[in-house]
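These notes open a run of structures that come right after.
Presented sequentially are two complexes of subunit A, the first with subunit B as partner and the second with subunit C.
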Partner chain A sequence: MKITRRPLLAAPALMLAGRAQAQGAPIKVGTLLPLTGVAASAGNSAKAAIELAVELVNTPRPDLASMPLMATTGFPAIGGRPLEVVIADQQGSPSVAQNQALRLITQERVVALTNGYQSGLAQTASAIAERHGIPYVNGESVATNLTERGFRWFFRTTPIGPDIAAIYVEFLKAARIDGRPVSKIAIVNENTEYGTSIADVIRRTAEQGGISIELQIPYAANSADVSAQVLQLKGAQPDVVIFISYTSDAILYARTMRAQGYRPPILIGDNSGFSDDNFVQTAGDIAQGLINRSAFDPSRPGSNSFKINALYKARTGREMDDTTARMMQGFLVACDAINRAGSTQPAAIQAALRATDLSADQLMIGYRGVKFDDKGQNTKASVLLVQLRGREYVSVWPTETATAQLQLPYKGWE
Partner chain B sequence: MSAQIAARALTRGVGNLVLGVLALAALLCWPLLVDNVFYQRIGALVMLSALSASAWNLVGGYAGQISIGHVLFFGCGAYASLLGYTWFEWAPMVGAPVGIALSLLLATIVGTPTLRLKGHYFSMATIALAELARIIVVNSPVLGGGVGVSGPALPRSMADLSFISPVPYYYIFGGVLAVLLLFTWQMSRSRMGYYLRAIRGQERAARSLGVPAPRFKLYALLVSAGFTSLAGSLYATMVGFVDPDSGFGILLSVKMVIAAALGGAGTLFGPLVGAALLVPLEEFTNAMFGGGGTGITYVVYGAIIVFISRFAPGGLAEILTRLQAWRARRAG
Partner chain C sequence: MILAQVVLNGFLMGAVYALFSSGLTLIWGMMNVVNFAHGDFVMIAMYVAFVVFTALHLGPVFFVPAAAMLLFLLGVTVYFGLVRHVMRGPMLAQILGTFGLALVLRYATLWIFTANFVSLPENLLGDVVTFAGLRLEPSRVAAGIAALALTIGLHLLLTRTALGSRLLAVAEDRNAAMLVGIRPDPMQALAWGLGAACTGVAGALIALFFYISPLVGESLALIAFVVVCLGGFGSVPGALVAGLTIGVVESLTSFWIGPAFKDVVVFVLFLGVLWFRPQGLLGKA
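Moving on to the complex of A and B:
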């Protein structure tokens, strides 16, 4: 591997030049984020992470040398040209996402587009990239159909519905073996692409695994009140409740459950909203023992995840959450492909993306690696389960990689 | 003396004609003059926004019946197009007539009882129906639920009207807009136009003079609903995706009202002028400030609207009239 030799070459240069500046005109990569609207909190967390990624690519970081582009300055295979990110606000609107994608491609001349956040918006924005023949790397949108459209320019690094459902169902089966009742399961999902598709795939996977879903409650993420839904849960008394929510609604549920004094024995909060640091800070204290999925476990000192999280924390004062980490990883995969393409030609970048084969130690996140199938989906994406303790998530499952012991039942505010 | 007035009227007529021809030429050539694809797309969006605002203008401007639920018809068009694709693999525009038919039906249902009444009943009924439609769609998985429905991911044939360049969309939207404006112009000079203006001015007086007010208000609503629905279908064809918020969101209704009011409600070109200002304003504030993540886009956008409504509540048409009056005073 070329990359492992780089730090040795870069180190003397670093000593001489101090903070060496990258050479030549910057290479632009576009990023679509929800910086206003209901998902603004997640968008702004991601913005800080993307800006951190740019800084890391553009300055030599020997401490992160196992990751591509970190030990060097800019894009070494393209004459050391620096990376520049152009961040655009998609305002949570499918049409605006398209406008901005078009602006980034035609005005800003970005060589690749990344992220998009809401699945529906990643869908419309990537349609523009596809028509213009610009690579689109998505790191976070989980709707299965995104990679089922026959697109040639769309790549996705995140684990998707089936991966996520599989780990939940495995976990529930294990809990059943331990003697906990898991016969009554309720899913409460926000009703757009994200919530619906994850709920559907969990239902299917669970039923194949012999676990039936008794109750499903879809709701609108911008609801101002969810007491009806919580009352419905309280009445049904399920053994396991699985929430699939965005940030503001996740906080609202935690508060409403506290107000009504309702605690299910096992509470799973699927990623997006529950991973948001906003949720952890504002509602974490009343959601102790919440189980979440994550691909990002920064609790092991010395790991890339640990180092990146420390840098992010120094920058923002917050822990990096899973969604933000997946977005940053997607962005870094795009950058790595641009460098390996050795050119800013879209076709060369597309070919480099197809040839991507990153191993686990080259990533900042806990995937087994990054390697795309014909549809553009990462085949080596993986998930683990974490549990909320205080204001931190600790990894609890699978037990082989866990750093803490799983604690049941759900404690909530106690 | 009279010859002088006639001459002045003539020069003004010729002046207006020249101005009109120039404006038309500029509109026709716009996408060819800018080779920048993003500006071309903004042009197409202006046409689309002008189309729905002009459609709103028929009932909201000319007839003075303020509808704040026009997105109902827009959503019918957008959903009809994309559901036609999802269920039957139709090209998106094949669903447009279905959307129009549905919109006419809904317009009759909402208009027949409420347009008989004076005051705000019509406005309230339109909001209610639009929100009702949104909630029904959100809760109906068969209609795409909260997820929304997509058009063809990749164009299958020309019939899908899926273009890489925004220029064809510009001309398609502009063409439909031209038809609508021509109709509006004809109507404003016909009996119906006079009836509507009389109704807007003083409905009771108009009725006492024998204007069949409810019937003509309904006619205006029907034409308006049909064109709004068509605008929805065109939107869906271009964007290829619609969800409850982008199809039935109340913000869209409000944007139609703002575009028409900004340019001048009840004037022929008011909505077009309003859209030509609002859409670029929205896009450019987002392009300039959006990436900063401070939400300043909406602050700038909102402040401009506040200023306009404070200093020219009648829209740009009012400013123009004032300017003309001022010039006439100086000349006189």
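Moving on to the complex of A and C:
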């Protein structure tokens, strides 16, 4: 047996940790997640990540010391008071999201709100926060207009519509240079805020880049059958298909394409549904070569992403997906701002959020940093493209940072 | 060719609609109790199939009957444990009773199985077959055949057997049935059991090609209510006709107009039929 001295070294640290146990009344942060409804799988993945984040903030983690609040206990700048999260189920409904936001603010007395998941729901919930003057930090909703509303209390860490559209269009232009036809493009999008806004911004960006969108098919994400859409694509034979979907519909599309024997040369599945580990586990085998976007690459040992993913996996038995990682990062940015505010006053937290300037090594995700512009949008968010190989996404583009070679055409089930 | 495939897919999906509506026809159409937990019965059956397959490694030949039997028991239990009591109360009690049951089933499943999506391996019944240029999924074809068989079976049971006559008698007039010596409770329980068992067969077969999650019942339940209404209350063949009609209309609308509008067309059609035939396509006035 190999004898290790690590535990002995760790003992004094643990004793110190015991003494430095979080003190005082907990500081409450409210988090809105879809724990039920069609997006329940994503919401519950995120719940596990948020709970992990709370545990990491409240216990000293020297191994993650490069990230704010990790090496210490609770909020050191506010007398070491512990963090408490109040997770509310928004049930995938914009009106429930609004009611829950109101409840968290007026009854639970949270000092900040976070997350929201679906863009359409973050939209209604953040309007409540704005009215009550409570900071709202969102880490995952990508509809552009969320930060175009002139809100003063809304902050967003994720890359958004235009960033995403830009990388897809650059990628398609590069593919065209490689001699692949990209003249016929079809977008298939779920028809709420998320799908519609991403589809629109991709269309605009593509047309500016000289690529036209030939076909756009909006659909309702809770459809029980998608075969007509797949046949429509099969008839139109586009060079590139871009899906913007949530989890259940993403699974149905993959299965229906297999059943109808349809494979476009290039298939892009935009994040949400396609990043969900549930998609990868239930339909990954028949969607080989699918291209997706991501900001989370946990493959490099020693990186914060790697360590967080390992902790998450120990807790849930699953890999952390990109959406979950972006959600957790948004939550952690809110916690960091509360600590720097040194107070639970909303105005102080808002000022601290405005002053946020985190560098890449202080994050658990692959952004260049976190720094908000006047609209509350993170200016240092970045995104890369990944491709599904087996049951894992590997980064393939831009080529400078890629860890694997891009493989085209789309393979699907072969 | 693609249009033919669109119609075919619509038919097969329609057969699935008919299949999981058959149980509801029996319970709602005949017993006059709206079972809001119907979608969740389908969901439970899908999980039965999943558990039997993953834990016991037994295929559809085993898990379809297993789901039917378990759901039969569930139906009878629900009747004696809940429905019999709420039926004495006002209409609202019935509605909220089964709605509450739906939530209990849904969240109990959520608690046990988590919100994660699971699925049975694809092509458990074999790979896609190409016939005259049309692609046929064996699992959907099996569901279609089962829908037809169940419909015919139920129809024969109700119209050609003494048991069916007794069931119908209780459905028509509980007191009159008691006067001629039929005890209503066992009949009602049997209707719930049979209805749930049909739902069990439907769920287990749908699990062959659909994802499984505790919330899957939500996306399937509404259409079942429409199918029963459109087909005519208590008419088993009506549910089949209505299911097939809705399947094809949905498919063609998605293809020609756009998937976002398929519900609009289906419901306009539904309202139109109710306008001219409030009793439904094959219902008795």
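Everything that follows uses one rule, which is that the second predicted complex is superposed on the first by the 394 of 414 C-alpha atoms of A that agree within 3 Å, B and C clash if a C-alpha of one lies under 4 Å from a C-alpha of the other, contacts with A are read in each partner's own complex, and residues count from 1 in each chain.
As a working rule, contacts are C-beta pairs under 8 Å (C-beta built on N, C-alpha and C of every residue); 3 or more make two chains touch, one makes a residue touch a chain.
Because the structure is predicted, anything quoted here is derived from the model rather than measured.
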Superposition on subunit A - do subunit B and subunit C clash or fit: clash
Partner chain(s) touched by A:S41 [first = subunit B, second = subunit C, both, neither]: second
Which superposed partner A:S93 touches (first subunit B, second subunit C, both, neither): first
First (subunit B), second (subunit C), both or neither touched by A:N191: both
First (subunit B), second (subunit C), both or neither touched by A:P218: both
Which of subunit B and subunit C A:G376 touches, first, second, both or neither: neither
A:G74 touches, of subunit B and subunit C: first, second, both or neither? neither
Partner chain(s) touched by A:P346 [first = subunit B, second = subunit C, both, neither]: neither
Subunit B collision site on subunit C, chosen from 24-32, 60-68, 96-104 or 132-140, when both complexes are overlaid on chain A: 96-104
Intersection of the subunit A residues that touch subunit B with those that touch subunit C: 35-36, 40, 43-44, 191, 218, 220
Complex contact set, residues of subunit A against subunit C: 35-38, 40-41, 43-44, 191, 217-220, 222-229, 231-232, 234-235, 247-248, 251-252, 255, 258-261, 278-279, 281-283, 286
Subunit B residues within the subunit A interface of the complex: 36-38, 41-42, 45, 138-139, 141, 145-148, 150, 153-154, 164, 166, 235, 239-243, 245-246, 283, 286-287, 290-295, 297-298
Sites on subunit C touched by subunit A in the complex: 2, 5-6, 9-10, 13, 107, 110, 114-119, 122, 128, 135, 137, 209-211, 213-216, 218-220, 223, 250-255, 258-260, 262-263
Residues of subunit A defined as touching subunit B within the complex: 33, 35-36, 40, 43-44, 47, 86-89, 91-96, 98-100, 102-103, 105-107, 120, 123-124, 127, 130-132, 149-151, 190-193, 195-197, 218, 220
